[in-house]
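The following pair of complexes shares a single chain, chain A, combined with chain B in the former and chain C in the latter.
Our next item is the complex of A and B:
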């Protein structure tokens, strides 16, 4: 995520487009980090993440358009709404065994999508929420693309710092203990449900915040933003970048947000190249791209 | 007042009574062994005591307080440590972290303190690392502290699991077959460790199949057969008890 003027100098005439890709990269990187708290650190394959992203996005979009809430209040509401939804859904789904957890959370994601699609009076359904205002923070209007780039970068920094703090030291160790060996974690005095819920709801809250930024950036929000294809994108970023690794996820986010765009120069071969690259990574670096860097480091 | 007092504990699995009205009291500082043929309910009893299995009837009291039905993490924090029959470590944590994680839950529960690494917590962490290193040195794993625990050999993992259980300094330690499937040198090492713990005043309940170990170190032996307590006494008395001989060898 280079500085905008460096990018602009390197690609004259393409500044707006490149900045747009960088904003998307920042948003996807933050979203993937929040997802990895659940998948990579407590080892629960939840498929509910698009729902939390969507709940945050719709909360912010509707509060801004219908209730004319200021951006910061809407963002806070989005974070809280998504976090609260995770607490509600988390208690029943974490009683399920591993595989049923994936199905249970997938069910929740689909129900959320269907509700948003069909509750036309409230969400406008397929008509989409339109003319969402660009954000304004303490009187400072974020209307230009570079300004939004900085806002995204700041949001990413917050997500990354939070991710680091949660996944290292004593909290991280407790998460990893639950992931590695649940009965033994209990013998160590850890309540697995509590730590799973912690990762799940904090991850969801961050996803809600990213959803709010996404809605305010695009100014239009449609139900198809929160379908299963978002889960697939996130899983590709996580598993090809490197589950459980900040660096790996950033690499994954840069590659899989920027790459499809860069490949537009060769429209015919675009998907062929993209697919071949996915295959190559899976074969050469099955633990994710991050492992390629780690292997060089001394053991 | 006994440190651990079990009254008429019963556990059934689909009609099979795995633990049948077993009563057992363990005094502070005792070293008691639980023996019995395979399938006699020893591990089931262990799992009921430590909260991994809900019991169907009976009560468990620890330090005089009723703890029947308490979940495993609560039992751990109350001061009951345990090891597992099948060797159990956190494979992706380092050897050192495997020990640290066993102490931290007993110390601090503030989420924000942990998130921002409060100075108090950092001091506790430094002390915990020191304690972990001395335990690793004790079991001979000092050189391996930075290695993922999953890379250790079977015997080393067994020693690591044992050291981890000691990390929070539990008052009562339940050891599930510490001498199973390890070489004779390590069996002697384990025996020495258990004796040392006992000498330090720890209360120990041991499940073990190796009779040499059991007879050698136990003060008292409790024998289970088909879920029932059939005998209880000193190693000498158990050795001569006809019911015990019958349970092991048949009539």
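Our next item is the complex of A and C:
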């Protein structure tokens, strides 16, 4: 974790930029972990994650700017709002069969984007929420970049620990049972709906928290943050890094946030590359990736 | 009263557009069991192809329309040969992610090639307002509805009277049996794709004079088409068509009387409402054309 200081010593003057990249990477890695909980461990291909990220981000941003809530309260509200949204949308959407779940969650993501874009009175829409204050925890103001780096690191540590805790022990095995063979899991007394909803809402809550941190870091929040490009980036991180693997996802996050930033690839070209990569991986996937999905019982 | 009727006519226009796109989607799912997330981009590319033929090459409207449909047919074939063949036998997760990835690539390539500024393609049919029985509309809107009816009639004829069409229906019912009986499964799949893409191209040629063209226009359209396919009962083409018109009319009425800004959300809300009531769709799980 002293890595930044080592690299900073090697590249003097690049400190700020490096820290900035590390903050982004930390946030995206946490987000990817929360997404993997839903996709990799419980096997639900949800496309709604950007919506939860956005709901958390906007909740925190608006509470901080309009209602002048303290940072920690705003963060808690963001986490709860995202989790609640997941519960709300999960009830109708998990009743749908397989592919319809993907489309239903995609629809939710698009509608959330539309609402945030158009409800200008509330969310400022395309004008963006500006002047989001830097966080302050128990009187300790987090205004410098290194301070934000430590905050992000702490958040990532929480996310990683949570991820590990939820995917091992009995709970983790229950998730995997639902993913691998739902009828069998049901026969064994594991309620698939309950566990899918659990993973879905926890994943959403964490995404909301990351959103809040992201909003406070950028101090400006626009509706463009919650489009499907985010889902594609997350999917690439998951598939290239390794679905279901903590280390793999961190590596994937580093690759797919740090690298494009450093190479200054334009967003459109970035997405063309990501999309092509995703296509290539998914088609030529080694048996491991395919086996992950094929282990589900045929419907 | 005129207001209501105008909204209904607008709803029919929207419904026709959604129906043509949704039919392509339903065909692909029914015949080849594939969920094509890139279908909205078929429409988007068709729109740009039409714009190019009409605005840049200055071809007359009908010729430009045919050009757009032809271009999309070629694209559909290429798409099937490259992307689809690789994922046809894989799980639906793979198909979904692959087609989603393709959709993103196409959208962003379109942004790079055509720029993000919206393009307009007004034709004489769309710019003159006419009055039909007290309702103000344009020839173009009527053309869209008429065009859709012609297209569906042609499709119905194709599927019931030609050998290839019957093969498509057979494949939607039982693919293995088709292979056993000697139906060229690959060829039928290819034709299905070509037809779906052509439908999107025709829809684009008919509809784009009414709306602007921009690179991410495919996403919303695809969502509504998917909503129609799901509500109609996955794979059941007539159901998808009926649902499309329902969605089009609902959206138009909601847009006119409730809120224009959020009209796009109504398709999704409608879909969720229907699915809460009848998870198998309005017409049940009938697979078939």
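A few remarks follow.
Everything below uses one rule, namely that the second predicted complex is superposed on the first by the 260 of 299 C-alpha atoms of A that agree within 3 Å, B and C clash if a C-alpha of one lies under 4 Å from a C-alpha of the other, contacts with A are read in each partner's own complex, and residues count from 1 in each chain.
Just so we're on the same page, a contact is a pair of C-beta atoms (placed from the backbone, for glycine too) under 8 Å apart; a residue touches a chain by one contact, two chains touch by 3 or more.
Please read these numbers as outputs of a predicted model, since none were measured by experiment.
Of the two partner chains, neither chain B nor chain C is touched by A:262.
Of the two partner chains placed by superposition, only chain B is touched by A:180; chain C is not. After overlaying the two complexes on the shared chain, residue contacts for A:154 are found with neither chain B nor chain C.
In the superposition on chain A, A:110 makes contact with chain C only, while chain B stays out of contact range. Legend: residue contacts after superposition of the two complexes on their common chain; A:171 is shown touching chain B, with no touch to chain C. Shared-chain residue A:72: touches no atom of chain B or chain C.
Considering which of chain B and chain C touches more of chain A, the answer is C. Every residue of chain A that touches chain B in the complex is listed here, in rising order: 165-166, 169-171, 173-174, 176-177, 179-181, 183-192, 198. Contact residues of chain B toward chain A in the complex are 50-52, 71-73, 76-77, 81-82, 84, 88-93, 97, 100-102, 104-106, 108, 111, 114-117, 121, 125, 161, 164-165, 168. By the touch criterion given at the top, residues 45, 47, 92-93, 95-100, 102-104, 106-108, 110-111, 114-115, 118, 228-229, 231-232, 235, 239, 268-269, 271-272, 274-276, 278-279, 282-283, 285, 290, 293-294, 296 of chain A touch chain C in their complex. Within the complex formed with chain A, the residues of chain C that make contact are 35, 83, 86-87, 90-94, 96-98, 100-105, 107-109, 111-112, 219-220, 223, 226-227, 230, 234, 261-262, 264-265, 268-269, 271-272, 275-276, 279.
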